[in-house]
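In the two assemblies presented below, chain A is common to both, partnered first by chain B and then by chain C.
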Partner chain A sequence: MKKWLMLGLLALGLAAQAQGNLEVDTPVINSLKSSMQSRFAQLEPLFSAGALGLTRDGKVEVHDPAAIPLAQRPVANNLVGAENRDRAALYREIARANQHPEWEADIARTFGRRWIEKARPGWWVQDDNGQWKKK
Partner chain B sequence: MWLAGGILLAGAAYGENPEPLDLQLQLARLEHPFVVIEALQLQVHEGQGELQIGSLALLGQRWNRVRLQCGQLDLTPGRWRCHQGRLQLPGQAAIALELEQQGGDWWLRLQPGADEMWRFRYQANGRTQLSLHNASPRLLTTLLPSWRAKALQGRLNGELEGDAHRFKARLSLSQAGYSSPDGRQAAEALQLQFEIQGRRQAQVWQVQGSARWSAGLLYQEPVLLEAANQRLRFAGRVDGRGWKLDEAVLDWPRLGEIEAQGQGSWQALEAGQLRLPDLDLQTLGEVLLRPWLESRGLPRMALSGRGGAALKWQGSGLQQISLEPRGAGLVVDSGRLALEGLSGRLEWQRDQVREGELRLERLALGRLETGAFRVPLRLQGRELALRQALHIPLLETQVVVDHFKFTYLPGPGDWQGRLGLSVQPLALEALTRALDLPTMTGRLSANLPAIHYARGEASLEGDLVIQVFDGNLSCTELRLIDPFGPMPRILADVTARHLDLGQMTQTFSFGQMTGFIDADLRQLEIAQWRPLAFDARIVSSPGSYPRRISQKAVENITALGGGGAMAAVQGSFLRFFQDFGYRRIGLSCRLENGVCHMGGIAGEDRNGGYAIVEGGGIPALTVIGYNRNVDWNELVSRLQAAIRSSAPPVIK
Partner chain C sequence: MHKTLAVRMFILILAGLLPACVTINIYFPAAAAEKAADRIIDEVWQLQQSSSQALPEPGSSHPQNKVTP
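And now, the complex of A and B:
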C-alpha cells in the first residue's frame, strides 16, 4: 500500500514538473513550432472534414481516409508523416530542455491532452482509452 | 444439381396429368452442405406460378420470405418455363428473370438492372456457361451483404464456360471501384482484363491465365498505384488440399518484371518467393518507396540506377532477402546525403551469417565528397556489421572506419549501433576550399574510437583535433542529436590553445593583430550550420610575444562590442597611428536564445563597461564595451559589414 502511494506521488510529481516546464523555449523548439504552424493551414481542412484525428499520445492520425479523394490521399499521408516527425522532435526536445530525456512519453501525452482540449468541435479525437469520438 | 432434382420431381409429378391444373407443393425442410431451405411452397394457378421460401440459407447468408413469381408458367411434358419472372429477396428491389428447363438442360436469365444481363446455361452433360453483359456488383452484394460495405462499383462483361474437366473465362472489368470500410484500401475507375483457363487431370486442376490493368487507381495505404498497362501472367495447380503457383510474372512498364512462386493450403501460405531481377530504381522510389517513407515522416529520398532483389518466405516467416544494386544512386533531402554508383550484393538469411560487399563510387555529405570505396559487410539476425576496416578517400587523405555494428530493434527504438572512425591528417586548405570557407592552412585529424547511436542520438567518445593557425583546436563531448530528424544538431565542447592572431586576422580580413589567444567554447550547439548556444571565452595566451593591434582591427572589435563599445583614446589621436600595443585581450559571450551576453577581460569591468582590449606599450589603447546583451544575428551582420567595408565605426 505504501509502495503504491509512493509510486503515485512520484508520478504526480513528474506530471507536475513536466507540466511546469512545457513552455520551455529554445531555438529548436521555436523552429519546430513555426514549421508546424505553417503546416496547419493544410491540415485544418482535413481535420474539419473528419479525415484526420488527434491521438491521445500527441500525434495526428488518418482517421477516415475515405473523407479524402483517392488521388489526394498520398498528399494527406505525407502531411501526417511530416507533422508527426515534427511533433516527435518537439516532445523529445522539450524533454531534453528539461534535462529529462526519459520524460518524452509523458510530455507527448500531456501535449496530446492539450491538443485535444484545443480541438474544434466536430474534429475526431481519442479518449483516454484510445477510442475515437467526435468532439 | 440437387435443387434441380427437387423441382424436376414437381414437374414430373405434374407431367402425368396433361390437364392444366392448380398445383400446390409444400416441403418442410431440405438440406444440403451449401443450401438449407425451409418451408418451401409452390403454387401454380391459371398459368401463373409462385414459389415461396420461408427461409433460405445460402453462401453463409440467410434470407426469410424469398419469393419467385412467374408471370407466365409454361408446363409441358419434359419442359417447363418461367416467363416474365421476378425474384424478390426481402429488403431488395425485385430482379427480373427467365428460367427454363428442358430435359437435363437449364437456362437462367437474370436482369438485375437496365442494360444488364446475366445468362446462365447448364447442360445435361455437365457443361455450364455464364455470359455477362454489363454485370454490376448489385447481384453479388445482394447475395453477400458483407460485401456491401466495400462499396463495390463497376461493370463486368465476358464469358465463362466449363465442365467437370475444363473451364475457361474471358472477362473485362470497367469503371470499377471499391473501398474498404476504413478507406485504407480503395480503387477508382479501374479497367482490368482477365483470361483464365484450366484443365483437370485426376484430382488436380492445371490453371493458367493473364491479366492486364489498363486504367484507374489502386490505393493500399500509404501507396497509390496508377495503371500503366501492367500485365500479369500466371500458371499453377489447384486441388482439394491447396494450391501451387508454378510461376507468375508481373510486367510493370518502366519498373521491370516481378516474378513470384509459391504454394499453400487453403488456410495459409506455406512457401513463397519473389524475384525482382532488374528494376528501375527511380520508378521504384517514386511509386513505392517515397510514399511509404514520407508517410512515416522520413526524409525525402530519390533513387536512381538499377538493381535486383529476391525474397524467400516460408511458413515460419521471411527466410532470405538478397539485394543487388547495379550502379544505384540515392539522394536524401535534395543533397544532404548522396550516394552514387552503388553496386554489389548483400544477402540476409534467417539463422545464418551472410557476408556481402558493396562498392560505392562516391559519397557526398553536403559539399564534402569522397572517392570510391568498398564496404565489406556481415549480416546476422537483426545485426549489420563491418567485416574489415573501411578506407574512404577524402580530400587526398582518408577516413578509416575501424568497425561498425548496427542492430535493428523493432518498435520505436528503431536502430542502435556503434562505430569507430579516424580521420588521417587532412589539409585544411583543401577542406576549407571544398566547404567554400576562407582558405586556412593547417591540418585536421580525428580519432573517434566509439560512436554510439541510440534513440536518435549519437554520442562520440574521443576527439577531433584541428591544427590550425599554429595552434591546436580540439572538439570533445561530441554529440549528434536527431541526425535523421527534422532538426539535426551538433553538440560539442571546443578548446583552442595558442592560436596565432596574425594568421587568423589575415584569413578573415579582420585587420591586423599579432599575438596568440586561447579560446574555450563550452556546450556549443549548432543546427543548420548556425550556433544555437554556447558559452565562449577568449583570452590572450600566456607567454611573451609581440602584441600589436591595427586600427582596422580596433574598429572591428568595437563593432563586436555593439553600439555601446568605444575605444578609450581620443579620435584624433587614433588617426595618427596604424597600430597600437596591448597587454591583454579578453572577450566572453554566452549565447542563449539568440542573445549574446557579453563580457570582457575577467576582473577588468569599469564604469559599467567591460574591457575587451587592455592597453599596454606605446601607443597604448584600451577598448571598452558597454552593451552587455547583443542580438546574435545583429552582431554577426555588424561584424560582416565591418569586415566588408573599411568605413570607420563611430569612435568617441
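And now, the complex of A and C:
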C-alpha cells in the first residue's frame, strides 16, 4: 500500500515539475531560432519603416506596402512568407516537444502578445480587436 | 474478507485520483509559455546585449541531469 502512495506522490511531483517550464531546447527549435535571428536583420528596417506589422496571433504581416519600394516588394513578401513559416513551425514544435500538440494556438497567441509587448516604439502592432496601431 | 474490500476500495480511490494528476498538466501553462516566449524572442531579436557575453554561462550552468541509482 505504501508503494501506491509513493507512486502517487511521484506522479504528483512529476506533474508539478512539468508545469514549471516548457521544453524549448530541441534541435528543431534551435535551428528555427537561428534562422529567424538572421532574417531579423532584413526585417528590422521594414518594421521601422512601418511596412510590416506584428499580428496578435504571432505572425508578421505587410501593413503598408507603399512603404516598400516597388522593386523590393517581392523580396519583402518572400521574407514575410519565410518568417511566418518559421514562426508556425516554432509554435507547432514547442507544442509537440511538450507532448501537447493541441497547445499550438495558445502558444501562438502567447508569442503574439510577447512579440507585440517587446516591439519597438514606432512599429505597427495589432490590438486585441485586430486593429492596427502604432506603438 | 473485510480487509480485501478495504484494499480494493483504496486501490479504486487511487485509480480515481490518478487522472486528476494528469489533468493538472492538461491545462495550458500560460505563465510557463510566456517565460519561454520571452526567452526565445530575446534571442531572436537580440534584446539583451549582456546575454551575448554571458552566452557560455547558461550552457555550463545547466544542471547535468544525471540519474543516480
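Here is the rule we use: the second predicted complex is superposed on the first by the 112 of 135 C-alpha atoms of A that agree within 3 Å, B and C clash if a C-alpha of one lies under 4 Å from a C-alpha of the other, contacts with A are read in each partner's own complex, and residues count from 1 in each chain.
Here is the rule we go by: a contact is a pair of C-beta atoms (placed from the backbone, for glycine too) under 8 Å apart; a residue touches a chain by one contact, two chains touch by 3 or more.
Just so you know, these numbers come straight off a predicted model, no measurement behind them.
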Answer with first, second, both or neither: which of chain B and chain C does A:62 touch in the superposed model?
first
May I ask you to decide whether A:85 touches chain B, chain C, both, or neither, giving the answer as first, second, both or neither?
first
Touch check for A:49: first (chain B), second (chain C), both, or neither?
neither
Who does A:97 touch here: chain B (first), chain C (second), both, or neither?
neither
Touching partner for A:77 - first (chain B), second (chain C), both, neither
first
Could you say whether A:31 touches chain B, chain C, both of them, or neither, answering first, second, both or neither?
first
Report the residues of chain A in contact with chain C in the complex, numbered from low to high.
1, 4, 8, 11-12, 15-16, 18-22, 24, 29, 33, 36-37, 40, 90, 94, 100, 103, 106-107, 110-111, 113-115, 118
Listed in rising order, the residues of chain B that touch chain A in the complex are 179, 182-184, 186, 188, 217, 219, 221-224, 291, 294-298, 455-456, 481-482, 485-487, 489, 527, 532-533, 593-594
Which residues, counting only chain A, touch chain B once they are in their complex?
25-28, 31-32, 35, 62, 64-68, 70-71, 73-74, 77-78, 80-86, 88-89, 92-93, 96, 101
Can you check the complex and tell me which residues of chain C touch chain A?
7, 10-11, 14, 17-18, 21-22, 24-26, 28-30, 32-47
